[in-house]
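Two complexes are shown next, each including subunit A; its partner changes from subunit B in the first to subunit C in the second.
Up next is the complex of A and B:
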């Protein structure tokens, strides 16, 4: 009898902890990983400095485009910045920076302090345009080819591994 | 600079913990009865260092050293100094540091204040405490380091989430952590007791006060969290059966069961293994709570940032604790024969424990059930107040009757001699209850039963107090806590029945009438403050009967850092009732949505809980005097 109780107790605890382990891997957040492989259709991003818009046609001219969503108030954006600067040297790749829910002045100071890696600079003051790219937090980056197909999506700051992956794809 | 100092102090603390473990281990193998001075010295040094480490972080917050990521993400130069300091533990990393500090200081105090107990018991407790300290320090250093550096250094911080800028929330984490971490002491002591076979009743003396300390602080911590939710979250309630609230309630049930069982163990040398199980369970539940809210499995205001790596670490730690506990318990467990008389204090306390376990299991099930369903079947569900109310409330009625009778039952064997008095009190309670329902015109079976049982408890506790006061044997702390608990249930019941809630869309100058009240939207102002702008409405609530007017000023606040909109409820508290008013704007319209609530006896709910905790502190004081 005692043995049965002991085994039952043990099984219950194992079960609970097991479920906790499984739950850890489950992403309860809204996730847009399945965007990979799909084509982006609507692009209507306002220039950072002028009242003009980037459209699909502009991006189709590039072999590869990395769309990077950033803001001056975002700490991890600072971490990934050196990698973006390195990427900006690649000939096959154009960088489109989308300044996300930011103040213009502070964004300028950010780029002045840390350097400007972007070939094109757009802004999304209210975060509405970014919805089309499935952005729910920044930094996020999306690698597009000239058909505007999403090749890779990087949620969170770019890492060295991500950097190597991008280099591999574009070359 | 501060970062290096902080990291250095953390490393030193780890080193000192290893030193304590080593010294204790060596001392265990020697025969002497005294613990060597060196252990006291290392422990003192460790506590000092860890306190300095915490002050280093506070200093970084005060001088706004944004080279630390934690400071950058949670502070801002324009924030008032009080909230800069409170911001230290208002985030994941800082609060973990607070956790370790309390853990270290408590281990030190345990070492110093338990000189009458056998050396091996004290040393092994100390070793286990230090293993826990090392575990948490490693977690801090390698996963959640508050001293991580951010380069290049930003010029301005992101600011603390405005809803966390509240005095109640500034003291909420420390109070709750004293409760949570206090339970680590009797966790370690229980394991040590199993290992060293220290199962005499004197074992109780080593942990009794710790249980009281953690229970009293836990009670206050839960209260402060509720008060914050009531004032700040703007939906007018104070308890929502939110998973995070439940996480703080679970250890509370275990603690309550524990210190009642301790009384039996101390007096009658019964329930030793049950006491041990509760000791282990309390801390395990505390860590489980931490795991649930920190791993991101549950989303809430306490999920500062979800990070699976963080979850795995805590979970591994938790599993280790659970399996070591189970292993030791199984190895040492012996069947105890109770032979209890049905009408004896022991039985009544055992009944208390059953109820606590029933509540615990109910709340635990409700909290983790959605996780299980999601993990095993992929459906997302949530368990809400209806579940808890249906399962728990009926049990509360019976529980309150047992709680009324329990304290006057004698040890070993008692007689039902005063059944007349019970019937008298019961009759009185029923009369009072129907007076209330008749005068205030409201009726529902369950709420009436709850109110009757609550009044029953209050009257019997007070009658006990009077009776024992004459014999000069009054148990003041028990009387206060029990009476206050009766009042708490009574006030919650009355509050629930007699609350009024009205929702309106209203324009400037308009007046709305309902029941005996009228609300007039008098004025609207825009004001600028140092860190936010506020749209302040002025509404006049008039009680038609008494012609009494109250002016309420709900606000819509627009914070700059970080940019957020918050709705500040305007609350007018008085002895008998609270008026509670929130206002929100409606896009592209002159109308504002207002929600008016009349909540009776709110302040008495808070006072009851304070009195419950006060009973605990009083007992603590008495224990300290007796020693």
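Up next is the complex of A and C:
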């Protein structure tokens, strides 16, 4: 009996050590990287200027699409804008800009001042469509292939490292 | 007569249960969804921009007739299981769910063995 108790205590002790060993090594920062490799469906993004919608069929026509959520009130969006302008020159990549919870006039001024890198421009007035892309703060960008599979997800403003990674993937 | 009465009671019981299943409580869903941009708050507790958007989407899904589990699985699909306070039972967390029962059984066995041994002595 004493032996069983000793073995049980030892197993519990090893289990606790094991849990700490695995958990302490884990990155506890939240990210939505689990979306990478999954397919995005039910895309229904309203055109910025018209009462029409971008659907899955529209995005399937492109080899690669970078869906970028942005707003004129978002300061980091200004920081990543030069990189988006550089990416807009890539022939293999189409940029879909989704104006997120923004005022139309302000968004127009933003693009007029900084330049419009987007091949397609959509709006997400109430942010509902952003949930479909696993967005929890902007700017965020999602790189999709022509099967609408998420190849990469960039949380926060794009960096030079992200830019290089996108170029590497699309070429 | 008795048989008819039992049938009638059963009918009301099942129709009541069926009706209860259909009612999805949005507030309980909000409470079980984590606000990802807040410090330990649920979607129901938070007034953040993210929480407001999630509330709108949950409302839409409820109106579309989605069940509570379908809504959780949609959210977990987009944001990972971290968004759900009460994680769904699956192969990665089966230990989390089953360990208390296993420990309970082992404990019961140990107590039973000790009790039997002391009785013998």
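Note that the second predicted complex is superposed on the first by the 140 of 171 C-alpha atoms of A that agree within 3 Å, B and C clash if a C-alpha of one lies under 4 Å from a C-alpha of the other, contacts with A are read in each partner's own complex, and residues count from 1 in each chain.
Going forward, contacts are C-beta pairs under 8 Å (C-beta built on N, C-alpha and C of every residue); 3 or more make two chains touch, one makes a residue touch a chain.
All figures in this text were calculated on a predicted structure; none of them were measured in a lab.
In the superposed pair of complexes, A:134 makes contact with subunit C only, with no contact to subunit B.
Looking at the shared chain after the overlay, A:23 reaches subunit B, while subunit C stays out of its contact range. Of the two partner chains placed by superposition, only subunit B is touched by A:113; subunit C is not. Looking at the shared chain after the overlay, A:73 reaches subunit B, while subunit C stays out of its contact range. Touch criterion met: A:8 reaches subunit C, while subunit B stays clear of it. On subunit A, the surface touched by subunit B in one complex and the surface touched by subunit C in the other have no residue in common. Put simply, subunit B touches subunit A in their complex at residues 69, 72-73, 150-152, 154, 158, 291, 295-297, 299, 306, 308, 311-312, 315, 318-319, 322-323, 326, 330, 335, 368, 371-372, 374-376, 562. Residues 1, 4-5, 8, 30, 32, 34-35, 38, 101, 126-128, 130-134, 136-137 of subunit A touch subunit C in their complex. Across the complex, subunit B is touched by residues 2, 6, 9-10, 13, 16-17, 19-26, 28-29, 73, 75, 78, 113-114 of subunit A.
Taken together, the subunit C residues at the contact with subunit A in this complex read 36-37, 49-50, 52-54, 56-57, 60, 77-80, 82, 106, 110, 113-114, 117.
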